Structure formats: structure tokens, C-alpha cells
Amino acid sequence: MTFKSVGLTARNDNKRAFELAEKLANYLEHKGISEVVDPEIAEHIGRAEAAVPLEEWRPDFIITVGGDGTILRTCIQIPKPEPPILAINMGERGFLTEVLPKDVIQAVDKCLNGKFLLEHCKKIAASADGEALPDALNEVFISADAPVKLLYANLWKNGERILDVRADGLLVASQTGSTGYSVAAGGPVLDPETDVFVMTPACPLTPFPPIVFPENSKLTVEIERPRTSLVVVDGCYRKLLEKRKPRVTITTSANVTSFIRFRKEFYGRLKSRLLYPKGRRC
Amino acid sequence: MTFKSVGLTARNDNKRAFELAEKLANYLEHKGISEVVDPEIAEHIGRAEAAVPLEEWRPDFIITVGGDGTILRTCIQIPKPEPPILAINMGERGFLTEVLPKDVIQAVDKCLNGKFLLEHCKKIAASADGEALPDALNEVFISADAPVKLLYANLWKNGERILDVRADGLLVASQTGSTGYSVAAGGPVLDPETDVFVMTPACPLTPFPPIVFPENSKLTVEIERPRTSLVVVDGCYRKLLEKRKPRVTITTSANVTSFIRFRKEFYGRLKSRLLYPKGRRC
Amino acid sequence: MTFKSVGLTARNDNKRAFELAEKLANYLEHKGISEVVDPEIAEHIGRAEAAVPLEEWRPDFIITVGGDGTILRTCIQIPKPEPPILAINMGERGFLTEVLPKDVIQAVDKCLNGKFLLEHCKKIAASADGEALPDALNEVFISADAPVKLLYANLWKNGERILDVRADGLLVASQTGSTGYSVAAGGPVLDPETDVFVMTPACPLTPFPPIVFPENSKLTVEIERPRTSLVVVDGCYRKLLEKRKPRVTITTSANVTSFIRFRKEFYGRLKSRLLYPKGRRC
Amino acid sequence: MTFKSVGLTARNDNKRAFELAEKLANYLEHKGISEVVDPEIAEHIGRAEAAVPLEEWRPDFIITVGGDGTILRTCIQIPKPEPPILAINMGERGFLTEVLPKDVIQAVDKCLNGKFLLEHCKKIAASADGEALPDALNEVFISADAPVKLLYANLWKNGERILDVRADGLLVASQTGSTGYSVAAGGPVLDPETDVFVMTPACPLTPFPPIVFPENSKLTVEIERPRTSLVVVDGCYRKLLEKRKPRVTITTSANVTSFIRFRKEFYGRLKSRLLYPKGRRC
């Protein structure tokens, strides 16, 4: 895998992120890598001419400067299949990010020299009343349209009615997402080599355990009440459901998100999250 | 305690509740009890002339026909101190209600003859940036203004900074409320004779136990983020907070809600909720 | 699958179970099925001559009269591979059992006529310091040798050190076991079609989520402290570990336990357990 | 409060604890304070002549060198009322301890000069079948006599039957203990100014929330099964119960344990436990 082009994005609310992104842009240009830049940051880093909407990106790899939120937003917008991501940690929440700002140039050099591992992360595919939603790297969340309204839902697995649940919300999380919002709601961690996803209720009215499903199963959530409900993908993409008894269908996506890593480290990152946690959402 | 006047309300979406309320209105009239009726139901039960806004009620006692939601909405609106409530169960969720529809006349007779116990329930008093909110019989809930946004809050007890917390929401519940939303979020049940309230985080980002405070302590929740947040009292009364870093102050109210009961039964009701649960919100 | 011989066992502390077992023995004899009988009950049901130790059983199928405990004890003792089990419910805890006493003859007839489904349940294989333990249908539990002593354990996955944990105990549960002790300790339910097992800590000193591993992974638990520890298989088989820093190795077994069922019903039984729970151990 | 005599104890498995205890003994002697020394450490620190069994101690104050376990064992043994404790942290688990080894002399000087606060910690009084057990600073734990055996218990509050519970164990914790084993089992933290105690089930068979009781209430736990059960006070004192259906009665003790503190700091210690936890038992 040889990288000749890069897509560059960064959180757009942080001067240090801009500075680092600019430094990276200069270095990559110097190395002869062609660049596309997130329009939201292009001007801030003096790259107005390289601005390309994320929906049109086709680079060989992507660099994100920020936290998990920056990655999640990027993955939702870019065309599939996704090029691998080098994630620079400049956010307070960084379960997915790896590279520290001080190590940025060294990390880019390793990338360009092909000295890295690829971590492939499974994603969750959801559709609402037949309309596909963006894949989730972390989780799909279903709730009422406002806080403190109970969600009444009926569950099907592969077309067979299995259970009913009443809760603040329902989370369906991937391996990656299992360490985030889902674990905060009481869900298990899914080892990255498992072939499953997990449904975790948030504040269920009566005790209701998380359930782990095989990745090829199709989970259908029929929303009985309230009249207006909400699906949120990775904390970023929100869709109101206003039809009567909408159905959200969830399974494992054919797509993956790939991260450029310099060591195998799922449990190392898990340990960091368990002991010195840094955050969960975008 | 002799009852000469009654306030009558009912859930306003249920024909059987109207019928029962009408039956009650007729019976009470026949017994010589003067009536004020919730304007939302007065016409439905042929009592348009008795319609009085709940904010102006001063009856000797109140009858609610419905579930917990009907009670909670009534308590939020009526002037303080609150007259005792006879709660008829005609809702699917009825932790607070006691009397079954078939026992209604018998229950009213016992009331008029003074053959009952009063169960006094402590309430939670909250204010947001100095402005008092209605007292909560169950709980005060603080969250971001929309689902899946993390709340960053700083906590003070009696003016002393104690802890920071990041969670979907924070619940501060009374003894009564401890069996409802709070227990769904992982909180303890508070025996009705305790002099405390409990703060329970909903889906905290990192594990954060519920904390039980003495009832005379003043808990202050400063909302660091997001920019717009929400306080909800008893699932009914919602207030958006749009100032910068608003502060919600919470303590035990001087007011109580009193229920007319025919036996002591907190743990009986708790058992029902634990084993054959019926619901939690309005 | 034609059944010509049966193994018959029952809980040994219940007169009604003996009576039902005797009725079954007579009926099966009448049908020309050859019988081996658990020595613990053989005399009670007038079948002293058919007594054969479970370790030597080789029948075509097995009937258990009792609760989950009766099944678990049977599975631990019988030779592998295990013949299918028809489980008669005569215990207060019956997640695994299906047939009610009144339906016994009808169920046996269906069995003999081949009119049934087989539910194959994965099992957990464990060894302690290289010595194999009986397979677990529900779970392998590791703890200190006495209550209220903290277990310090180091975890490896496929030979790679992953995490340390301090807890009252560690549970490693199958799909079947995920609905039992493991869920009581906060674990998720594993759909029976998943290819995983789950490790759930009991009362971890610091919050530690359950972790779901792929079924072909090898989990090693090294016990750092205390000096004497305990492994319990399915609540029945207990082994004290007295070497220094013993290692318990756990993976999915090549064996399964098969149940004779008359309908597909995992979620039906889960619902019963969630709403009208009956118990969990032998 | 002027201190003229001291009781000195230390963990007995740690050379550095002996050295520090010896240094303290020398310094206190030099200051003219009379000493009694725990017989378990007296010889190790060259104070064989000062050895006095803890059951006979009557010093003005106590110094413990070790972790929480050292404190808990000391409190269980010494006569009541207990003199105040200066707790030197030389254990990996130190929720109760405050003074670091390097600050020992300075802390002793402050003590002798009366420059300190007293933190009074409520204790739990329990009796088993009418026989008093030592008071618990942290918690009373009730379980079967061996791991993985379910406890069936019936609960009374002030003589009124309230609930039944089936669980691995039942914890009844004080404010101090609420941050220890109880929180690991899912219990709430009790603010030190509350007048309550909390009962937390460990791994309840069916979901059962912790319950907070008023401190003057009498909680009775009748053990239905198994035949032999166990009560453990503060993880140190163990008593087997072998009568039929024994009753353990629990309330708040008239005694307190007092700690010598140099600042008010409950929530500071709680924060440390929540974020960088060090342990929980003796």
C-alpha cells in the first residue's frame, strides 16, 4: 500500500488543531503527497485551493486531527469503501485516536514507508423504514425525540418477534462502539475478533440485560411509542422518525473503517479508557 | 379531618376514565360534597359548570382517576400546601395509585368517614438560576437539550465543590421517586422514613455511583456544557436553560404530597414494581 | 434418530419427583425401551436392578426429572458425547427444563416417534494447571476459597496478556449460562446463535465490564491471590487450587449438550426468566 | 484533647511498616508519650515490653501503620468507646488512611498540639440469633458458607416483613463502607452526614436494588437457606451460622470510630477511589 494522496481534516474549534493540520499539510506537500482538505478547515490552514467536500473524497489515506468526534463525523461523510485513517489525538476524548501531536511527523513517515498495521473495525448498518442511514462505527441509538420520554419498542430477530422493551433508549453497538456509550449504559465490551453486535438498553424501565447477536442477524426495532422518535448514528447524524410505528433495521455493515496503527492495542486502549477515561462522543 | 369539598381530575385520553370520573362526580354530589373539576375533563363528564383551573383549587381533598402521570401533573399545578389525594388506578403505570376502579365507591365512603391513613411523601425543591421550579414528587432530571449529548456538570454540596460528572443526565429523586426513573438508572430505593434524597447519574461516561445526601443539604449542579440544557420535573414540567453555565439548586421541599391510603404499603408496592412492573412516567 | 434405551434420573429430595420417575420408568418399560437408572434414585422408584453409575451411561437419550440442577449434575457426570436430554420440570428453577409433569407421557410419545427438535447448547471447556475439568453447560466460576476475599487475577487471550482484574469472582459463561448466574452479575445475554463466550466479573473492586470473546479464543486466568482459590463448574463441581499462581484456561468445548424440544423457544424462556424468574443454580 | 498515651499497631507483613512503626515509637517515647503496642508487632520494633493485647487497650489515641485492613482489624478488637485513630498509609488500599509515611512526624506533632479535626464515622451493629457481633466500620456481609451457593433471605424492618431476596450475599454498609465493597456490588455512596445505612445485595438472582434505611431502624435478615451460612464483619471477623433459619439483626451502632484528620475530605477521598482506586478490604 503506497500513499500518494491524503485527505486532511481537523476539529474546527481549536487553534492548536489548525496549527498542527497546517504543519502536516506543509510536510505532506513537501513529501509530494497530493492533498484534499476538509472545507471547514481549509481556510484556517491556508489551503483554500485544496478544499473538497468530504462526500467527494477519494484519497489513499486520511489524517484526522482531533478526537473521536472528528473521526466519527469524517467516516459518516466520506464515500465507501473508506481509505485508512491516521488519527492524531487532539481531543479530550480519544479512544480511537492513537498518535500524539509530538509524534506526528514520525507517524506520517511510517505511513509513507508502509510501516504500519491496519486495524479493521466492523460497522453497523441501519435503515429506518427502508431508508438506509450512514453506517455507524460506534453505535446506532434509538430514543424518543426528547429526553425523559420513554421509548416503547418491539424487537424482531430475523423476522421473528423476540422481546419488547421500554427504556430511555436502545443502543446497538459494534466492537468499537462497545467501549463507548454502550458500556456507559451497562453493556459488555466486545472483543474486536468477535462476529457479533450488542443491543444495550439505556435506563430500561424494568431490568433488561444487553443482548449479543450474531453479526449476520437482522435486528428490527419497531417503535410503538412515542409518536415521534429519533435515530442517532455515532452521536453525529440525527434522523427524526415521524411515521406511525416506524421500524429501524440493524445488521453488520459490509463496510469497515480501517485505522493505521503502529502496534496492536485494543486492550491497551481499553485499559486507558477503564482507568483514565477520556470520553465517548463527538 | 372532614371532607366537604373535592377536586376531581382524570387522564384525558381514556373513555373509561371519563365514565368513572362521572360516576364519582355524581356520587360525591349525592353525598353533598362540593366539587371543582379539572377543565380538561369537565365537559367530558358533564360538569362544565364546575370547571376550575388547577392553579386555583382549594378543595379538602383531591381524587385523581388515572395513572402516576395524572397525579404528577396535578401536584405540579395545584396551590401549596396540597390537599390529600385519593388516587384511583386507571393507568397502566400505577406505583402511586392504590384504589382499583371496582372499589371506588367503597373508597370514597371510607374517605368521607375518615377511615384512612395519610401517607406523606417528601418532595424535591429545585431552582434554576434563582428561579423556583415546581416541586417534584418523583425527581428532577437535568440533561442536555437533546438525546445523545453528554452533560458536563460540576457539583457543590452546601457551597462546597465536591465532584464533577459527565453523563447523559442527572436525576435527583425523593423517596417516592427512588422507585421510578432513578432505580431504572441504577439508583437505590430510599425507605420512606429516611431523611435524604438521592442523585443518580444516567449513563455516566465513566462509572459514577448514585450519591445519597441528607435532606437538608443543598446540592448545586453547575452545567458546564452543553450551551443549552434542560430541567424536567416529574417528567411533566420542562424548562430549557440557555444562560451560560446555569446552576440548578436542589434540596428537600417544605411541602409534601399526601396520599389517602387504606393500609401501610410501601414495600408491597415496591414488590409489585420489582416483580410485575407497570411503569414510571407521565 | 430412534430411541431404544433411556437413562433416567431425578432430583433426589422430592417425593413427587420419585413418583413421576417411577411412572416414566413403567411407561418406558411398557414401550420396550431399555433403561439405566441413576443409582441415587433407583431404589426409590423400585428399579434397583437397573442402577448404573452415570459415568457409565450410554443410553440413546436421557430423561431428567427436576430443575436445572438435576440437568447440570447429569451433564457433568455422563460420558461424552452426551445423548439428548428430555428435561421434565420439577424444580423451582427451570430455565433449561421444558416439559410440565402433566405432559410427560405425551412428551415421551413424541420422543419415541421422533417428533421433536434438538437444541444444541455450546459448552465451556476449562482446565486448571493443565488438568481438564468437566465441561460447563452454564459457567465456570473462579473465586477465592471463601466469601469476602478478593480475587486478584491476570488475564491472557491466546497467550497475550490483556488485563488485570480484582473482583469477588470471575464467571465465564456460555450462551445458556449467560441467562443465569452471569446475568445476575451484570453480564449480557448471548443469543444462542453467537460464536462467543462471556467473562463477567462478580463485584469487581473497580468497575470492569463483562467482555465477550470469540469462541475459539483461549482465555487464561492466572490467579495472583489469594493463596487458595476455587473453580466451580455449573455450581456443582468444585475444585480447590492450592498451587502458587494457578492458571485456569478456558475456551469453548468441542462437546455440546442437546435438549429435546417441541418448539424453538430461547427468547420465550428468556422472557419468563426476566419477568417471572425461577432461579439459577443446582 | 491532650494525648498522653498512644496505642501503636501496624500491618505485620511489611518490613517498611515495622521500620516506620519503630521510628514512631522512638519519637513518641522521646515526646514523653506512654505506649502500648500490638503484640503482633511489638518484637519486630523492639518494644516487647510494651506489648498489650488490643482487647485491653485504653490509650488516648491510636496510630495504625498500614492500609484499611489494619484499621478495620484494630477497630474490631479494641474496647469501646474507641479512642481516635491517626491512620498512616502504608497499604495499597487506603480509603481510610490519610497520612503519607514521609509526613509522619509532622502529623504526630500536630496531634500532640491538638491541631486536627476529628472525623466521626458511624458504625453498624449486628447480632446473630441474639448474640452481638463486633461493630462494623464498613459493612456486615451475609452469605452462604461457600462461594456459588445462593442465599435465600427474608427481610423485616422494625418487625414488619418487607421483602424476600435471593442473592450471593447481602451487604449492610455504613457511610464509610458505602464507598467500599457495597459500591462494588452496585450500591450508592452515602454522604457522611446522612442518618441512614444501606443494604446492597451482591449478584441478586433477580434484579433487586440497594435499599437505604433510616439509621434507627432495625433490619432483620432471616436466612431461609442454605443450612449453614456466614456473617462477615468488615472482611475480618467471620462467624458461621449453623442453627436453623438464623436471624441477623442490624442497626446503627451507638459507637463511632473517629479519625484524626488535617482537612475535611470525604469527597476528595471518594474522587481518588473513583478515578485511581486502590482497594477495599483487609
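Think of it as A, B, C and D in the order they're written, each chain with its own count starting at 1.
As a working rule, a residue touches a chain if its C-beta (ideal position, glycine included) is under 8 Å from a C-beta of that chain, and two chains touch if they have at least 3 such contacts.
Quick caveat: nothing in here was measured; it's all calculated off a predicted structure.
Between chain C and chain D the CA-based rotation angle works out to 180°, given as a multiple of 5.
Chain B and chain D touch with mostly matching residues; of the residue numbers seen at this interface, over half occur in both copies.
Farthest from chain C in terms of Cα centroid separation is B. Our note on geometry: chain A versus chain C, Cα centroid distance of 39 Å, whole angstroms.
Taking each chain's centre as the mean of its C-alpha atoms, chain A lies 46 Å from chain D. In chain D, the residues touching two or more other chains are 186, 206-207, 275.
Residue ranges of chain C in contact with chain A, taken from their complex: 157, 162-163, 178, 183, 186-191, 193-196, 198, 200, 206-214, 217, 267, 270-271, 274. Every residue of chain B that touches chain A in the complex is listed here, in rising order: 141, 143-150, 166-169, 181, 184-186, 202-206, 230, 232, 235, 238, 277, 279-281.
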